[in-house]
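To start, I am sharing the structure in question, which I have written as structure tokens.
For clarity, chains are labelled A, B and C in written order, and residue numbers in each chain start from 1.
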Amino acid sequence: MTAVERMIEALLFAAAGPLSAAELAERLPAGSDVAAGLAALKARYAGRGVELACVADRWRLQTAEDLAYLMTVERQEPRRLTRAAKETLAIVAYHQPVTRAEIDLVRGVQANRGTLDTLLEMGLVRMRGRRRSPGRPVTFAVTDAFLELYGLASMTDLPGLAEMKAAGLLGLDIGAEFSFDLPGGAEAAEDPLEECETVEFNVDFLAEPVTA
Amino acid sequence: MTAVERMIEALLFAAAGPLSAAELAERLPAGSDVAAGLAALKARYAGRGVELACVADRWRLQTAEDLAYLMTVERQEPRRLTRAAKETLAIVAYHQPVTRAEIDLVRGVQANRGTLDTLLEMGLVRMRGRRRSPGRPVTFAVTDAFLELYGLASMTDLPGLAEMKAAGLLGLDIGAEFSFDLPGGAEAAEDPLEECETVEFNVDFLAEPVTA
Amino acid sequence: MSLAFQTPLDLQSRRSLDDDEALIVDLDGYEGPLDVLLVLARAQKVDLLKISVARLAEQYLDFLRQARRRRIVVAADYLVMAAWLVFLKSRLLLPAPSKVSDATATPEDAARALAFRLARLEAMRQAAEALEAGSVLHRDVFTRGDPTAIRITPSGRLEESLFDLMAAYVDQRRRQSERCYAPPAAVAYRLDEARARVRALLPALGRWSALSRIAPPGADGGPDRASCLASTLAASLELVREGQLEARQLTDFAEIYLRGRAAKHGRQAA
């Protein structure tokens, strides 16, 4: 492989779009034989998973057409939690066991009902029990999958107030009155869920009016 | 070139980031020998303008390092890290999991809070857990993004790691007591996280009246 | 350790320090005493683990002396280090105590610990440089450049960071605290002020006067009119009870009139 061929290969690979022979020549050392390099490169890539194509007088590397099925099928968006989901998850983590009404209290908005359900479906949050308070609302807690996602050994490893301060997330404006209960710490009295309840978790909306 | 090699080549070429062998296997026909395909591909690309590299245990195609001078258009100066940030990053990488206090101990200064936070924000460092020691300080470790940025296949590929280990330089326990006999000490080896956490954590803000 | 030779060595080091003054003038360039020590230790050009701490101490004190001569304000931690080094050096120069108590660290241990810390910091600095010297993404090596090409994202697994989670939590709590309605507490016209004011006005209250004219008008930032009226009325009623004032109201909701009772007022003034 000639030096020019290598350079053309690297340039085409890293370029944001197809490059013409003239554009390549500009970026290569003076006197480089671009045409010969392109021809050699085209021959080298023939029949490979990636090919050198010339479109409208511009050159680009592209995946072989017959392998397109590999690409289209596997195209996937990166999965990130939505902001709402992340916020709800954070509240559950820092205040568990927590009821829907309490989540709404912190989030301020009538939390999108779907958000908590999404987290339940994703297995990051689970129903934990029923608070021994009027309406016996269902309480929620995070799951082992949550711990895994964030690389935590246990809930006591969740970064706390001091770490938030250290990370500069808490300024002086939120000072003395900012605090939260330690996850797994002070537990409000609650009963375990009955078996049948775990299946149909949508039932708990019946409890809402009382706590709201 | 085998069919598997072609497919791996096409997949890596089209991927937005490095792919692990397992991720490749998922997308290839059942029974494909991914390891052999990768090895063959790596040999094929050796010395070319584009090379196959292993970073953070995953594979990616990248331009040859010696051709960096050609990439004037593509070069985006990575966000400049300050000297303190680079040093902190190195300390986290070579000592992980490591606490803030330990980073300060190695550097010999009360770190500017912002340094570690910048690294956290950039995704080069993450919180890992809590040290099982008094105060349960949060520990930090580097991320895969760190390995990808510096082109390291794994944590064992850190430059000079073996030599430092052999020289016993990676211990965190030594040096903490170097304030022997000196009142006040030159170094506070104590962890500052402890106090405020235990004091402020047990307040349950949810117990406050709902509507103020 | 051949301590006898330390003094001449120190003189040499002082001379060499003077030669490259530029190196040590700027205290701002250093990140704390350990950083200074490391720079000085490098000048000894030996394995940091085998450095002469006694000599290093002398160099360090020299450095501080120069900084002071240039009237650079030396931070406390530099001075603490200086004190510690002087102490350590004196301990190193003393003959070893005959009975070695294994509980306390020996000066040699302390010197070794310092040397270790210097070596470790140096190792980390070199590591940082080595990392930077490697093939850094988007500086030395480049991945596929075309953003419009068909792309495959590496995995479908969730990628979240604890930092984001914490930030999400704190954001909400901040918003929540901003949402809390906290009306400014009304400023009340204090009763004792009202009392003092009415008392002071007593001599002028020879005739029936309307409460609304006696009460202060209220002001921006101070107590409002309603509070002024209420407090003045309450204070007046106290004075009525004490017999210093008379009050009357012709009908419900009508204006209240006040009048001083001259006799008692006279006695009060006396």
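In the analysis below, contacts are C-beta pairs under 8 Å (C-beta built on N, C-alpha and C of every residue); 3 or more make two chains touch, one makes a residue touch a chain.
Quantities reported herein were computed from a predicted structural model and do not represent experimental measurements.
**Q** Counting only chain pairs that touch, give me the topology of the graph as line, ring, star, complete or other.
**A** complete
**Q** Look at all chain centres (mean of CA atoms) and spot the one farthest from the centre of subunit A.
**A** Of all the other chains, the one whose centre lies farthest from subunit A is C.
**Q** Just to be sure I understand: the centre of a chain is the mean of its C-alpha atoms, right? Then which chain's centre is nearest the mean of all of them?
**A** Given all protein C-alpha atoms shown, the central chain works out to be B.
**Q** How big is the gap, in whole Å, between where the Cα atoms of subunit A centre and where those of subunit C centre?
**A** Their C-alpha centroids are separated by 36 Å.
**Q** What whole-number Å value describes the gap between the mean CA coordinates of subunit A and subunit B?
**A** 18
**Q** Averaged over CA atoms, how far is the centre of subunit B from the centre of subunit C? Could you give it in whole Å?
**A** Those two chain centres are 31 Å apart.
**Q** What are the residues of subunit B that contact at least two other chains?
**A** Answer for subunit B, listing residues that touch two or more other chains: 11, 13-14, 27, 61, 63-64, 71, 74, 120, 126-127.
**Q** Provide the list of subunit C residues touching at least two other chains, using ranges where the numbers run on.
**A** 142-145, 149-153, 161-163, in rising order.
**Q** Spell out the part of subunit C that touches subunit A in their complex, as residue ranges.
**A** Going by the criterion above, the answer is residues 142-153, 156-177, 179.
**Q** With touch defined as at the start, can you tell me which subunit B residues reach subunit C in the complex?
**A** 11, 13-20, 23, 27, 53, 58, 60-65, 68, 71, 74-78, 83-84, 86-87, 89-91, 93-94, 106-109, 120-121, 123, 126-127, 148-152, 158-160, 164, 167, 169-170, 174-175, 177-182, 184, 186, 212
**Q** Going by the contact rule at the top, pick out the subunit C residues touching subunit B in the complex.
**A** Per the stated touch rule, the residues are 31-35, 49, 77, 80-81, 83-84, 87, 104-105, 109-110, 113-114, 116-117, 119-121, 123-128, 130-132, 134-145, 149-155, 161-163, 180-182.
**Q** Which stretch or stretches of subunit B touch subunit A in the complex?
**A** 1, 5-11, 13-14, 27, 47-50, 61, 63-64, 67, 70-74, 100, 113-114, 117, 120, 126-130, 136, 138, 192-197, 200-206, 210
**Q** Once bound in the complex, which stretches of subunit A touch subunit B?
**A** By the definition above, subunit A touches subunit B via 1, 5-11, 13-16, 27-28, 47-50, 61, 63-64, 67, 70-71, 73-74, 95, 98, 102, 105, 151-153, 156-157, 159-163, 165-168, 179-182, 185-186.
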